[in-house]
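Chain lettering (A, B, C, D, E, F, G and H) follows the sequence in which the chains are written, and residue indices restart at 1 in each chain.
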Amino acid sequence: MAVVFQKTKGLTDKQFHYCPGCTHGIIHRLVAEVLEELGLLDDAIGVAPVGCAVFCYDYFSCDMQEAAHGRAPAVATGIKRVNPKSAVFTYQGDGDLASIGAAEIVHASMRGEKFTTIFVNNAIYGMTGGQMAPTTLVGQKATTAPYGRNEDLAGMPLRVSEMLATIPKAVFVERVSVHDIPNINKAKKAIKKAFEIQMKGLGFTFVEILSTCPTNWGKTPLESLKWLQENMIPYFPLGNFRNVEEVK
Amino acid sequence: MAKELWKGNEAIAEAAIKAGCKFFFGYPITPQNEIPEYMAMRMPQIEGAAFVQAESEVAAINMVYGGAGSGARVMTSSSSPGISLKQEGITYIAGAELPCVIVNIVRGGPGLGGIQPAQSDYFQATKGGGHGDYRLLVLAPSSVQEAVDLTQEAFDMADQYRNPVMIMGDGMIGQMMEPVEFTDVPKRNLPEKTWATTGTKGKREHNVINSLFIDPAACEKHNIHLFEKYAEMEKNEVRVEEYNMDGAEIVFVAYGTTARIVKNAIATLGKEGIKAGLIRPITLWPYPSKTVEAAAAKANVKAFLTVEMSMGQMVEDVRLAVNGAKPVHFYGRTGGMVPTPAAIVAEAKKVLGGAK
Amino acid sequence: MAGKVIFDENTCKGCELCVRVCPVNIVHMDKERINIKGYHPATVKEMDKCIACGSCAKTCPDVVIRVEKL
Amino acid sequence: MTHEIVMAGFGGQGVMAIGKIIAEAGLKEGKNVSWLPSYGPEMRGGTASCNVIVSADPVGSPIVTGATEAIVLNRPSLDKFEKDVVPGGMLFINSSLIDKKSTRDDIKVYYVPANDIANELGNGKIANMVMLGAYIAATNAVSEDTIMEIVTEMFQGKKASVIPLNKEALAKGAECVK
Amino acid sequence: MAKELWKGNEAIAEAAIKAGCKFFFGYPITPQNEIPEYMAMRMPQIEGAAFVQAESEVAAINMVYGGAGSGARVMTSSSSPGISLKQEGITYIAGAELPCVIVNIVRGGPGLGGIQPAQSDYFQATKGGGHGDYRLLVLAPSSVQEAVDLTQEAFDMADQYRNPVMIMGDGMIGQMMEPVEFTDVPKRNLPEKTWATTGTKGKREHNVINSLFIDPAACEKHNIHLFEKYAEMEKNEVRVEEYNMDGAEIVFVAYGTTARIVKNAIATLGKEGIKAGLIRPITLWPYPSKTVEAAAAKANVKAFLTVEMSMGQMVEDVRLAVNGAKPVHFYGRTGGMVPTPAAIVAEAKKVLGGAK
Amino acid sequence: MAVVFQKTKGLTDKQFHYCPGCTHGIIHRLVAEVLEELGLLDDAIGVAPVGCAVFCYDYFSCDMQEAAHGRAPAVATGIKRVNPKSAVFTYQGDGDLASIGAAEIVHASMRGEKFTTIFVNNAIYGMTGGQMAPTTLVGQKATTAPYGRNEDLAGMPLRVSEMLATIPKAVFVERVSVHDIPNINKAKKAIKKAFEIQMKGLGFTFVEILSTCPTNWGKTPLESLKWLQENMIPYFPLGNFRNVEEVK
Amino acid sequence: MTHEIVMAGFGGQGVMAIGKIIAEAGLKEGKNVSWLPSYGPEMRGGTASCNVIVSADPVGSPIVTGATEAIVLNRPSLDKFEKDVVPGGMLFINSSLIDKKSTRDDIKVYYVPANDIANELGNGKIANMVMLGAYIAATNAVSEDTIMEIVTEMFQGKKASVIPLNKEALAKGAECVK
Amino acid sequence: MAGKVIFDENTCKGCELCVRVCPVNIVHMDKERINIKGYHPATVKEMDKCIACGSCAKTCPDVVIRVEKL
């Protein structure tokens, strides 16, 4: 008998509190698996956001800090400067990273802080009950955009990967998705690459992952995956925007 | 070591380094710029140390959170508007019980205000500018030497209680030069930082730095735990200077540079035959309430006169301590204006009911 | 070539993501039972058809599934 | 005695520097000292000033409200600080740049053509040292020897070549008040 | 209008709109999300109005600054951590003398804390969480109806004094539904906003909204001006409910929802023959110190018992007002825990020296 | 006699407090002239930053608000929403806009707020005495980078125009300079274009202007112009990064 | 009399809704009422609950610490709130989903097979209305007529077709306690 | 074609920017005089050579210069 798949040591035994079908869980697992596979679990320090993933400090089995809303990149900067040899990462939602924490992510990129950010873009504020995020699509409804996001008053969604790719020291920037198995595999590769580049000390590394929020999108988990694929990907194209080879 | 002339800001920075502070996260603002500038010069000379100019005060305090959570001795500094921006971060640090040192070189407010010396951030520092129930240890040096000594000890205090410590100076403390001797302050017996996030190294359960307690019962329990700690601080850490208190008929209460000006006034009053004393709180929190209370109980003491560079903030703590036993008066200048000894003398005479 | 999948049934949230990805269509929701979380859990009926591809496990957001190759 | 000194001039005239020298000298002589600069945007082009206290007693307020002596290097500084000198105090005026006379008759006023002297010495920038020389000679707040020591220490090493020039400036300044 | 059931948060939002608030700038945070959500729904229905979801609380409060400076009726709302982030902006608004309404639906702290109801932001609201000498008008409704009435009046107060007004509720006020009647609160006679930046239209000198006074004398003068204004507020705006005070031997002091719980306790005590009264501050600043002081002077009053959902904050203002005349006790729950009437009854008996 | 050049009505009679040769003064004048020429002075509302230009509320003759450090775009958002017909602008330095105010400028861009930002990039914190800015060049000395900006520890300068140009609703983004007469003329044209597009209500408009800080660069005014040209322009290339035609 | 009611169930079972109906009805009858929901992330999948007070007197605390009645729609809610009912109070248990019996003998317990009845009526989602029917019939906290009025108002317009179904659910619930 | 430039002399800060841009090289710093700000002010010696191009005024950061065409 061979084990084809089992729960990674990168996760504790605590059960996720996420809603049924929420892809936060998949992303957690991928990050944890990468840490385990790269042998980094004992040296890793993660930073939890404020968002649905706030309790991820209970799920990842490595050392964790829980940061104020949006400030994970600043917290990670403090951690990494103190522990330059550790694998440091932030796990952040689109409200956390792209809205309140926009300055922190831009500046961690600018300084080339040697940590990895996992950016979970679900086009909504999950935890607080479905408010508009900077990444909410035009026309998409949210509790603070009850008539759908109005392009003229609230603008168009922020493409964070494209924006950070303009910053020299953001040496790895890639957008992936987890809506099916091939994309889950690609997502894992991108996360692995990001950690590898981090450990080489080359600069700031960033993986944007498109994710679902069945609860606040008002859809079943399966409908949500479809909606992601059909609506998010056209506006948030998948692919690599920056990698270290290009930098050198 | 012989005494040397040091500028307050630079002396504080050097004292921090001497106390083992290896990480400084800050953002420029007058009148404390010499602190980050000095750190930018010194940190690269120290193995494993780092100076980071943060993108903002908000980022700086959260870098402090991360660094302190990893067990390092970490400092940040700013002045009033910047400290206001740090309030969320400060309450997180207090909530997560992380040791760190925060310097506030206070300037005139409110808003953009001005850049001259002030003491109008007393409430913010001692009652909690951030939300929730928490306390900072707040130290108020009145000379550059004292700033140096307190800064060094601040790191030990922070580590002992796992609590942020604030050094509260004003533009004068930051900008003036005075003779300084860097002595080794006695080191405290400190617990190991077993809670710090440094990687599990496969040797322990994962550590979590956190201030979230979603279950209100757990949140209350955590608050009670914090207040037990604060009670310890109140028991152990109160510091106060009593000056010329023997037979004083009027007792000044003043801290920081204002207390020095009051001392000039006391000298003048003495020459005119008026016995005046001074209670100078060195810890603004925990407040030396007992000292004030004891003074209020003395028969020779007729009245208290609190002098501040504010519209009247610490005077509330004086009133709380005096608790009606004696009249408590207030004299203040604010917005960057500094009281003169002459004005204080005049005010004291007024309190005592006309010239004597 | 044959595989075996083991569900940690009480952690399943009935999201059906695993159902969709099984290449041999053997994962389905057990409408008869309710787990302690209150959901109909996912299960496999014809285990012998399982090819141990791991897809169900890889897509499960709650790490419910363990896959073995016999 | 306690010297409570105000020094003022344009930014760049070096008033902060001579303030520091006095304070360093006082420290060296075992006195209590403090040095407090004005700070802020008004320094930009405007007037810079500092307060120095040298005293046998501990220094109370580092702010000089009644100056035992004032050293003014430009006209705006004279206008601003003349009134702050206590009766019986001293006022040192850089007469090269200030054509006005003091209106006070209850203090001792020295007119020192500091820039002219500095230019004569070949370096306009050491007008401040000329003023310092005058100040020390008139007040003996600290001894001339200590000042010389400080200056020597200050320019130790690469800049040692400028030590004689500075000393000469101090001496010329001293002559003005003798 | 007949009474309707309204959720506190939504009622506050609708009350603001009824008071002429056309601009809302906010950022989501539990337990006040229904305020921005309601505004997002309503503002597009109103000519010239706007709802903006700001990128952060920092941005939101600065949008308020801009909008208020342009003379509009402007509101923002948040909960504890978000309010901490707004502190710099709030002191700027106070310093620049701009009228606006800020809602804080308080939750447990410190740090991320919890999301259940709390009153532990009292110090922050009343003593100044931001730097410098300034004051907010702080209103503490204890029912949804009162929240509606106070919110409507808050805009008038803000305009009258050119000062920010804070509505301080807690998670209960925000989340519960109660019957509400929207009545027209009497309109105040308000000065024209000649200072607002709306474009000079070539008809006047340019207006400048500002809190910078680089000359310390000017900065102090501005502070004194502000404090004259605050003295006016202290004279005119103090509000307090006195409940069951006749012959009370124990006087509770409590505000907001806590006061309602205390009323239950008073009923129970009454049944057991213990006369208990309540002073319920409606304005937390200016504080009803005179009412407390007057009660302290009454012979029948044996003691005060302050009840708060905090570790003890307002109790300091009670002590300041009582000034030693009577013992002042404290009972509190914190971190999202809510005191029960039974516990309050027990505490009152303890204060009165055992069961009666 | 014809007047070839006289002081614009857009400026008050108050003399600038800037250091000799500081190009903040030139930029002030250009903005004021544009407002006058477009007939917008009576309707304009400007927002002053915290930085050397903090007192610009005294210099511009239109209505002005003084914003907290970095928050001018948020303040301008409040102003413009209340006065949708007014010409609203912020005037911000590189510390103000690119450091502490990074989130606010990104989000004003994202929402497409209909105001104009004048971004004065002098690669230094002028007002506070020469600390490092996000735009300080690698190797350039600053009081908080006494050994020169270290690329590995402090990263590389942020190219704000390039970054904002990735945001759809930032409809006009141009970088100009004022180091000589032809460039001063171009700068004025860009400012004018920005205000014109603002008044058409098309979105957020942004002009980055390279500027000198002789005092903190430790150079004479003339040396400073040369240094700007030789060192800043190669890293911060002049040109248009976004304009409304391209948007349509 | 004062009714202090706790209602609890899984999120989605509609306990908030029946709480609101009771409060609306109380208001309509001129009583003092309050409705207070539990809120926060525990609602996600977990247990949702609300407190409703209907009283002739002004409502003090909106929090129910001693419930005169409790309505529980799932097992965790029974476990959590059973103890909170005051002696002499009433407990309404959705026996379709809760197989456990109450252990209290100092209160009156009603077992209502709400989901079964709802399913019989062809819509599992109105189990909450069945419970409400039982509650009203047993307590008369508000009158059945007022409840009917509220329900009619609630579904006015587009959703009017569901009114009869809801009324039937209420009636069936009422039967269970008669 | 001839121009005239008028300096509001006391507002000049002696930065010399105007000197550099004059196409006919007639702007220079007056080393003889000091204005009330303490600077040697800029001035024009051979006014008749001025072509009223406006460059000096356009580059002056302190709006010291007014240019007229005669």
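In the analysis below, a contact is a pair of C-beta atoms (placed from the backbone, for glycine too) under 8 Å apart; a residue touches a chain by one contact, two chains touch by 3 or more.
A quick note: this is a predicted structure, and the numbers were derived from the prediction, not measured.
The minimum number of touch steps separating chain E from chain H is 2. Chain pair B-F has a twin interface among E-F, A-E or A-B; that twin, with over half of the contact pairs alike by residue number, is A-E.
Separating the centre of chain C from that of chain H, both taken as means of CA atoms, is a distance of 85 Å. Between the Cα centres of chain D and chain F there is a gap of 42 Å.
If you average the Cα atoms of chain A and of chain C, the two centres end up 26 Å apart. Multi-chain contact residues of chain E, defined as those touching 2 or more other chains: 30, 50, 52, 55-56, 58, 81, 88, 92, 96, 111-112, 115-116, 210-212, 214.
Annotation for chain D: residues 40-41, 45 touch two or more other chains. Multi-chain contact residues of chain A (touching two or more other chains) are listed as 19-20, 54, 66, 68, 99-100, 102-103, 106-107, 111, 127, 134, 153-154. Taken together, the chain B residues at the contact with chain D in this complex read 3-5, 30-31, 115-116, 171-172, 175-179, 257, 260-261, 263-264, 267, 338, 340-342. If you check the complex, the residues on chain B that touch chain A are 23, 25, 48, 50, 52, 54-56, 58-60, 62-72, 74, 88-89, 92, 96, 197-202, 206-212. Partner chain F is touched in their complex by these residues of chain A: 99-103, 106-107, 109-112, 134, 151-156, 158-159, 162-163, 165-169. Taken together, the chain G residues at the contact with chain E in this complex read 20, 23-24, 27, 32-37, 39-41, 59-63, 65. Only residues 58, 80-81, 83-85, 87-88, 91-96, 106, 108-116, 118, 120-121, 123-124, 127-134, 210-223, 226-227, 310-311, 313, 316, 319-320, 323-325, 333-337 of chain B touch chain E when the two sit together in their complex.
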